[in-house]
Amino acid sequence: MGLDYAAVKEEIRQRMTTETIISLMSILVFPGAMFLFALAFFYEWVDRKFFARLQNRYGPLHTGPHGILQPLADFLKLLSKEDITLHASDRLLFILAPIFYLALPLTTLFVIPILDPTSSIAFEGDLIFVLFTFTLVIITVFLAGWSSVSRFSTIGSVRAALQMLGYEIPMGLVVIGPAIAARSLSIRRVVEWQSLNFWMILLQPLGFIILTVCLLAELQFVPFDIPEAETEIVAGWRTEFSGRKLALLRLGKDLELVLASALIASLYLGGSQHFWLIPPIVIFLVKTTFAVMLLSLLRAVFARFRIDQVLSGMWKYLLPLATLQIILIQLGLGG
Amino acid sequence: MAFLKEALKQLFRRPATLKYPYEKLTVPKDFRGRPIWDIKKCIGCGLCPEVCPSRAIEMIGKGLEAEIKHYVDRCMFCGQCAEICPKNAIRMSEEYELSGFDRSKMIYEYKRDH
Amino acid sequence: MEKENEIVEKLKSFLEENLVNVIIPRKRRIFVHIKRDALRETIEYLMKDLKFKHLSTITGVDLGERIEVIYHLSHEGSIMLSAKLTVSKKNPNISTITDVIPGAVLYEREVHDLLGVNFKGHPDLSPLMLPEKWPEGVYPLRKEHKLKHLRQITSEK
Amino acid sequence: MSHGSIIKIPFGPQHPALKEPENFLFEVDGETVVDVKPRLGYNHRGMEKAFELKTYIQNIYLAERICGICSHAHTTCYTQAIERLLGVEPPPRARYIRVIIAELERIHSHALWIGLAAHEIGFDTLFMYVWRDRETVLDMFEMISGNRIHYAMNTIGGARRDIHADMAPKIVKGLDFLEKRLEYYLDIVQTEQTILKRTADVGILRPKDAVDLCAVGPTLRASGIENDVRSDDPYVAYDEIPFNVVTHDGCDVLSRILVRCEETLESVKIIRYALDSMPNGTIRVRVPMKVPQGEVVSRVEAPRGELIHYAKSNGTTKPERYKVRSPTLANIPALCKMLQGGYVADIPIVLAGIDPCFSCMDRMAFVDTKKNRKWVWTMQQLRRKYAKE
């Protein structure tokens, strides 16, 4: 049946207009994958440096100016390390989990307006899509831990699932707040609405606090790093991963940090909006860096909870506060 | 949240950690580093190999012809040899960076110049 | 020294011939030799009537053909009484005191591991310190096992 | 409530929560611990056999290396025992030097432990701060004795180095800074909510159990029992120095933290008093190489509790028998009692609660060979148990 190469070449030449190239480039390079990877490494550097300075130490120093290339160096080092797949583990899941864990935050980030208020893929209801991917991430975490057979990762994955039960509902409730205020379920409209009126943090401060706490739990940062509690269960669900898989997992976690800080910036701090001459992307970067530093600060001042304390704490305190926030908005207080 | 104030204060203080090996701490006066033999003062009495708890000193020959072999990888810097030496031929130096890759290079020989 | 003498008097009146001899080398230290089968009643008497509540440790000493077991008990943390008894190497059996002092469980296992004294009635005399594949009957702290011989055992594996 | 099957989880010998190799086999039902079986000996270096093969002078440095954090306690106990056998009395100034170094070591050991406990419950920032402030004590040690950890200040018959007059002001300045910081940490530990949630009512040890299981040191004092070798059976120069024994009756990990924090503050006062009232004079007495026949029991209050050395000499230059019982071994039965009934997640902090120093405890028989631990429970058991949850 032989492929007619000439026809295929002709077809590509015809399709390859400048417009498709630009959109391809915007997906692959600028506000797309490459840029987000670079952003992920940068934010990991910001987080590690700020966290270190809070603890009165230097943090990464020697790779690049002020150690800025350290996350990249770690990534490349892990790529070169031996990649063990346990023979007793569930091979398919064990290999796919890191890939999903990286892909999910990456695709979700396209929904958030970065370059300018009109992000490349924006549709009505992408806020629900973001919430859905957060749940998917935790399911991938659960499958990753469950498929690697060691008991530490199994306990870690069960704890990750339990913790999700805790923060999922308050987060869902609280994220709806800005949507109600902006009368739309699209992050792009929420950003546009905020550029016309006040930032959402001034209108719904309670929502901001609850969202930050829930994102801390979603990112498994210290007060809620029970699924990978270093002193109890070695590295929790990530214990059995090594080499390339671990590199993907770490990059996935950095992207999740970018996603979380982008969500905080877009929903509550006005996202990437025009501010007389400064291009919106710089505004976006400043706000997300602030969000990363806020998360890092919270990570530094708490000890780790126990899983039963997290669940009871979430259900007894966070859920009522989230419903209170919704009630306040209905009463017209939230904008 | 009681810890927040303290944590933020640290932001403006110089980090307490040291950029070793670029910056090095100065070692106090009589620090117990690697023991150094002054072979001219040594009369080969054989007290130091006998008293060394980890048998890190080996003496070849006797009396004024004695030569010392010091195994730094076995030495624990307790300073007992410097203390017991009747002629004060052993001095605890300030060297503490003694790690290496090859144990055979960690033997210091003190020969008599004939 | 009057507290120590008072304790020794009470002990003498209680044990009579079982008490072989008593030494008080200095303040707050008493060394007592007792017969082997008087162990349990001495320990109970010391614990209940003379308030020696705290068992510091149990020491085993190899005397050649006999093994000496020393129980160090302390009276409100200050006076330390060491009750000593000897056991022959051929049948090194003593009754346990874990029911009187639960804290003695690890000390007895330790003496059992290293000197081969077995304590009848001890809940679990499994090896505490020795590796699992340690040959039977080799008790490291006994004088007849020289260091070279013991090093061969560990290097064989 | 034990609905599921009992699962055995081996904890150690390699585990991030344990800085030293020891192995606890936990029988866990659901999230609560049912039973604990300790399996020790991984850090066993055959020291008591080694004691019998070295001379008394060499044994000082062997005793010192039984443990890294309480090395001075071991050498004080050792030299005290041999001096008792020789019938030699160290000069008063040497006894004061021993008290000062012992109390500095208590601060250094307790500070290290407070940082470690914070790390066990995930509070790394407090860990970093406490260990940064602990550096002042280590610098003092380096100034006085020439080494940060193994100070080798003790020898049979007195002290090897003197605390000169020019060192005293530096020590006092360092102590003032330390006292301020330790008071701050004492306050933080009682107000920081996340620490309270992880340490209050965790790892309970009733006073009756503590006495029955012969616990020692801060673990015993945190259950309300006032028992401290320094005040009950004073040695070195503790009978001439006024200090009070710190106790709390909370019986949980929080009160253990508080006891240790307040003890460090107490140590600062002891050192200040000792520095002021230190008598002048020689610091050492010459002693013969051979020790006459005899036996002695020597007791010292190490940072972790009562430390016992039993020495038996036979007139030669080598001891006939030398027994060391370190405080951690005394606390293991109490530790197993505390762990029963607790959460699996609390194991690290309760385990750290008694400040275990396993290199102290394992020092009798031989370095262990490789351990091939078989798979304790199968994959199906695990899935069935968690599937039921």
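We call the chains A, B, C and D, going by the order they appear; numbering starts again at 1 in every chain.
Note that a residue touches a chain if its C-beta (ideal position, glycine included) is under 8 Å from a C-beta of that chain, and two chains touch if they have at least 3 such contacts.
Since we're looking at a predicted model, the values are computed, not measured.
Set side by side, A-D and B-D show the greater C-beta contact count at A-D. Central chain (C-alpha centroid nearest the global protein C-alpha centroid): D. A separation of 44 Å divides the Cα centre of chain A from that of chain D. Centroids built from CA atoms put chain D at 28 Å from chain B. Put simply, the C-alpha centre of chain A and that of chain C have 63 angstrom between them.
Taking each chain's centre as the average of its CA atoms, chain C and chain D sit 24 Å apart. Residue numbers of chain B whose C-beta contacts span two or more other chains: 1, 3, 7, 10, 16. Counting partners per residue, chain A has 54-57, 300-301 as the residues that reach two or more other chains. Among the residues of chain D, those touching two or more other chains are numbered 125-126, 129, 132, 192.
Which chains touch which is summed up as A-B, A-D, B-D, C-D.
For chain D in complex with chain A, the touching residues are 9, 15-17, 31, 118-126, 128-129, 132, 192, 194-195, 197-198, 343-348, 379, 382, 386, 389. Chain A meets chain B in the complex at residues 52-58, 61, 297, 300-301. Of all residues in chain D, those touching chain B in their complex are 54-55, 57-62, 64-65, 125-126, 129, 132, 135, 139, 142-143, 145-147, 150, 152, 160-161, 184, 188, 191-193. Interface residues of chain B facing chain D in the complex, by the touch rule stated above, are 1-3, 6-7, 10, 16, 27-32, 51-54, 76-80, 83, 92. The residues of chain B lying in touch with chain A in their complex are 1, 3-4, 7-8, 10-11, 13, 15-17, 19.
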